[in-house]
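Same chain, two partners: subunit A is paired with subunit B first, then with subunit C.
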Partner chain A sequence: MSEMIDIIVDSQSYKVQNGSLLIDLLIKEKIKVPYFCYHESLGADGNCRMCMVEIEGQKRPQIACDTFIKPGMIIRSKGENIEKVRTDILELELINHPVDCPICDQAGECSLQEFYMEYGLHDSKISISEKVKHSKHLDLGSNVMLDQERCVLCARCTRFTDKITYTHELGIIGRGDEAKVTTMPGRKLDNPYAMNVVDLCPVGALTSKDFRFAQRVWFLQTVDSICHGCAKGCNIYIDHNKIKYQDDVIYRFRPRRNDNVNGFFICDAGRLSYKQLQENRLESAILNGEKITQMQAIAKAKELLAKHKENITVVIDANLYTEEIEAILAFAKELNAKVCSPKEVYRDESFKDDMLRSSNRAANYKTIERLNIDTKEPDSSSLILNFNHPQDFEATSVINFLTHNRLSLGLSLPIAAYSENEGTLTNEDGFTQKCEKAIFKNVPIPTIIEHLIRLRR
Partner chain B sequence: MSFMFSKENLLKIEELKKRYPNPHALSLPCLWMAQYQEGFISLDAIDAISQIIHMPSMEIYGVATFYTMFRLEPSEKLIVDVCKTLSCKLCGSDEILEHLEKNDTIKLRHVECLGSCSTAPVMQINDVYYENLTIAKVDAILKELK
Partner chain C sequence: MRDCKIVSRKFELPNSHTLEVSKAHGGYKTLEKLREHSPLEIIDIIKASNLRGKGGGGAPAGEKWELMPQNSLKPSFLAVNCDESEPGTFKDRQIITKDPHLLIEGILITCYAIRAKHAYIYIRGEYKQFQDILQGAIDEAYEDGLLKECDITVHRGAGAYICGEKSALLESMEGKRGHPRLKPKQKEPEWFFDNPTLVNNVETIATVPFIVQNGADAYRAFGTEQSPGTLLFSMSGHVQKPGVYEAEFGTSMMEYIRHFGGGVKGGKKLKAVIPGGVSCGVLTAEECENLTLDYEALRCMRSSLGTGGMILMDEDTDMVVALKNILEFYHEESCGQCTPCREGTGWSDKLVAKILEKKGTKEDLNKLLEIADTMNGKTICVFAPAASAVIVDFMRKFRDEFEAKL
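Right after this comes the complex of A and B.
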């Protein structure tokens, strides 16, 4: 392709590809440049005019997001001139903005707020009563709420529905100060990726109905993880917080950029899957419907293992981490047990689409295949050890290791969910990715590996 | 879909299609045709146009709301468009607007430049320009139209 050339930004030389976008270089080299409308997934639009830089030989400042790099360019991104320009443009953005950061859900992760602290810090020259009023809480559908007054008309959301999902629900109507983002009258934002517009929105105009007012963003801790919704393995951030005297709680999932796997986005089903993860958890061991202590449960399990020396089957959930699956396989070998992971239950053709969602709803299915684990239903056995597989199986005796409450007979032991444990997953395209431990519960639930150690004692 | 273009309009659209390399260029002519046919532009009409010119309905809706001359709601009252731009303002359109605002029998709209600055102030009723207006003249025109 095109050759590498040298350009100078703020009297420092950089090697870049000829003809690439200037703003990409500035973002990559972490040179401070404010912008609203540019986004790497959506390309340049050039409507917010915030990313002004000075280019030697040109009369006026130019926007970096629409400037293609040419040999010998000399660029200044700092200085009195350029700060003045940015301050002036920011003032235009703020004319009709309500400046209600204290009650805005985006505060803390809002580009407008950041740039205001950097370049603005002036009182609005227009009184509140003179500002153009728009709708404040419009329910756009798909869990997205719109506040038209906070919108800076960067058109990221409309470009997302035009260029990424091709559903064209959002658009900008009207002109001048009456312009606003909206859907067609009587129609809703309705696509399986709709909530990505909340992440795309640089200001507090689009907020998630699910997350808004749940938590201030600066209280949240962020941990890298992988979505367990399907075999695609989309990279996510888990945002969680442990309020004093309460338990650690996940407040939201956000997409994490990975160009090899999911790009910039995740689907809404994956984004909201944190709810199922936390609800209805199995927290204490259960024997035939009665709560028992962990010690009693382990003793009971050992008793069952001693009783059924032969004809044991171990069933493994294809959502477990690779480390856990390998530990279970080693344990099964010691018991001389058959191992299987029935796959039919993970198939969901209705979930599949041609963006990110896969019809295989098991996050670590590739590992089950790699380790040659039988994917058929188990034969009749005298003892079944079910490691969180979603199906229930019949046998003379059953020991379940479950993350969530389930109506099942026999012995059930609680195990840590994926957010409370760390490990690796291999997605359907063969990428092995790591999940960090996010949640530290007040009363930790043992992991599968801890259970196996206790059973061996 | 309840809106259908009339036969003549469909022929006109076919004729216009040959003129432009991209059918998106037909959005404005189609919006005009829909407005003349029904008196206003309904959402059904926007959907019909969307199918003809292969452009998302939302985008056409955005175009229709951008221009002040398109009406998106039917009106039983007489629609009076008064120019609110510079030349007319300097020549006294404010007085005329103030006068017309008291009149309940008409639907008054402030529109962008009507392009007849030499004869300001100007108003438009049913595609006819009324120029060099005074309050007396406006009253006479409205009386005649009733």
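Right after this comes the complex of A and C.
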């Protein structure tokens, strides 16, 4: 470790590691510098030239992303000179930009827009007909659409496929103002992390086919959550919106930075898993294929519990929140029931890779292990209570607590999905993480804990 | 004017590109005595000669050689820059076609000094026919057993000007897009696949045999104190006899033009000279009057010697058209990495086109200078600053011609 030293930024002193990157300090201390090409996961490339700062003793402004901190540095990030430089470079950045914000999905979370509001605010000195024309909707594959005209050529996307996924599908071709991002000849963007380039893109050049034209980003509310796709526990944002009297809808998942777990990215399977939360949901209780009311369902469940009280097995899904699993365990203890959570069904070796994806596709299996819950198949029982475990089980009677419709006989009660509830999960590396409640449905579906309270009454 | 042929000594001989003629006229002589010196001694000789890089920058070559590790676990490489794409410059191709064995000899000496076992010659894509001659000479040298300890590979570029920039050249050699790299913070060699690498121009390497053979003082006997030796200066444009003629540094520019070039074409008056390829600031005829051809004199004129490829323009030249011509080149050749260059070269080209169409306004002239200011000193390599200097010089020295077109 190198020593900590003092440097001065905008007349304020900071303690910082000798030799570290200046832009990291500026980002950490929330000192505003505009930048397109730098990204903490990809390192410096130095091509956008926006993060210029003045360093005392240097004749010319320097880019912060290629400045290594040395003792005694005095840095100015504000002031007329440096802002003029940024304004001028921004004007060049915009000179061939189509400025089609009204139809651009990035509008509202676009770096170019933000910097224009901060440093630009000039009128365009070039007419639209003089601008360089490129392709406006190229389907790159993997749900990613490219608009080459909006591109600022920061090369984040190409560096992502070069340095992170090592798949090298994207490249820049052409020179000067004819330079553009595209796929390598004969190839499509095709890797399990491809859609991260949409988040990396600071402007509206790369957009997700899945999210395109679905919502204006400023209408979306954002909630912190954890992906349930596998045991990795990648941190995500759930972006959702409730339009007037319609139901609350999730529009997208985005990765949330957590250096201990997923870094900056999530896989595409996890990103698109939000759809499953909204499709084919079990919304009312069902008895042998017939819809019944919640009251009737609870009454029926109580009746079955009383009838089979000698031989009950409780099966728990390893995707449930820790709080739910603990509540189920307490309930099972009261019933004197056996408890299990068969684990074979979660194993998927084909899903595993050496980046984020785990072969264990249960978000909370660590908690199942910690609580010493049996992971074998249940023995023959007269009553099985299945708390959303993906398998179906044979028994004299079955009470299912399910998020999704399933072809099964017996009694099924709907339960809230994880986005409609809050709780904690422990990932495969032992990190315990919290999910917030994102979705407030017009007609809320009861959570497992609410069901258990009613069953006890 | 003193006759001083160091690099072009064998140029006039018939079949000068063959090993036979080269050896008959003293080629590869230095290799016999080479082992008497240690590699470090060779570097000392080069340093003592104050040989300056002849690719345009004029940085002392010895200092660059010194940066190469002498006991590295990684292999060292030499990359010879033959990506000669600067408009107005055509000297390297004379060397590789007229005396390729001089270059090979220089490569062998240089590789010995920097302990490299493999040298690459990065040749510009358009030089296919010259590459064939060079490759023929290398094949001859292999057959003759000259390349036992050092391999030479010719790597053909794909026709991008920026690949003449040393770090872009190495990126290109690594099979990547030719983008200049961020400059290191301390002095260090270049890196080719993470191995220390020396990049030198063809002419620099071709000068090495003379210095090692005859000693540093023999080289310093030519030229000026700070710019010793000779350069293959060249002339093109409005000149009677365009071509490449070797002369020592410090020669008077006008005398050079008269002596070798036979003066301005058609006996017209000289209007302006771009002294060393289009990346150098333009000089008016008056400024050229008492100018000597060396790095220091040109720097005093806020221009630079560059590659020594002079472009002469006579009194009938339309400077706006000339600038448009140069800006088209910059527009075409900007690699597109840094924003100011990518967008600035294109926009300034469009603005000058607008002025030529007589649709320009005074604001456009000011905007042109503003763009030039934004391009200057804010990019990774010196491509944009060069374009910026060209715009500023043309506008400063010939503003009336621009204003006449508004």
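Definition applied: the second predicted complex is superposed on the first by the 457 of 457 C-alpha atoms of A that agree within 3 Å, B and C clash if a C-alpha of one lies under 4 Å from a C-alpha of the other, contacts with A are read in each partner's own complex, and residues count from 1 in each chain.
As a convention for this text, contacts are C-beta pairs under 8 Å (C-beta built on N, C-alpha and C of every residue); 3 or more make two chains touch, one makes a residue touch a chain.
On a predicted model such as this, the values are computed, not experimentally measured, just so you know.
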Superposition on subunit A - do subunit B and subunit C clash or fit: clash
Which of subunit B and subunit C A:R175 touches, first, second, both or neither: both
Partner chain in contact with A:V152 - subunit B first, subunit C second, else both or neither: second
Which of subunit B and subunit C A:P61 touches, first, second, both or neither: second
Contacts of A:R49 with subunit B and subunit C, given as first, second, both or neither: second
Larger contact residue set on subunit A - subunit B or subunit C: C
Which superposed partner A:V132 touches (first subunit B, second subunit C, both, neither): second
Which of subunit B and subunit C A:L92 touches, first, second, both or neither: second
First (subunit B), second (subunit C), both or neither touched by A:K275: neither
Listed stretches 59-67, 149-157, 293-301 or 383-391 of subunit C, narrowed to the one that overlaps subunit B: 149-157
Subunit B and subunit C footprints on subunit A, overlapping residues: 171-172, 174-175
Partner subunit B, residues of subunit A touching it in the complex: 158, 162, 168-175, 183-186
Sites on subunit B touched by subunit A in the complex: 43, 46, 56-59, 61-62, 65-66
Touch list for subunit A against partner subunit C, complex: 44-50, 52, 60-61, 66, 68, 85, 88-89, 91-93, 95-96, 125-126, 130, 132, 152-153, 171-172, 174-179
Contacting residues of subunit C [partner subunit A, same complex]: 160, 162, 177, 182, 185, 331-347, 350, 367, 370-371, 373-374, 377-380
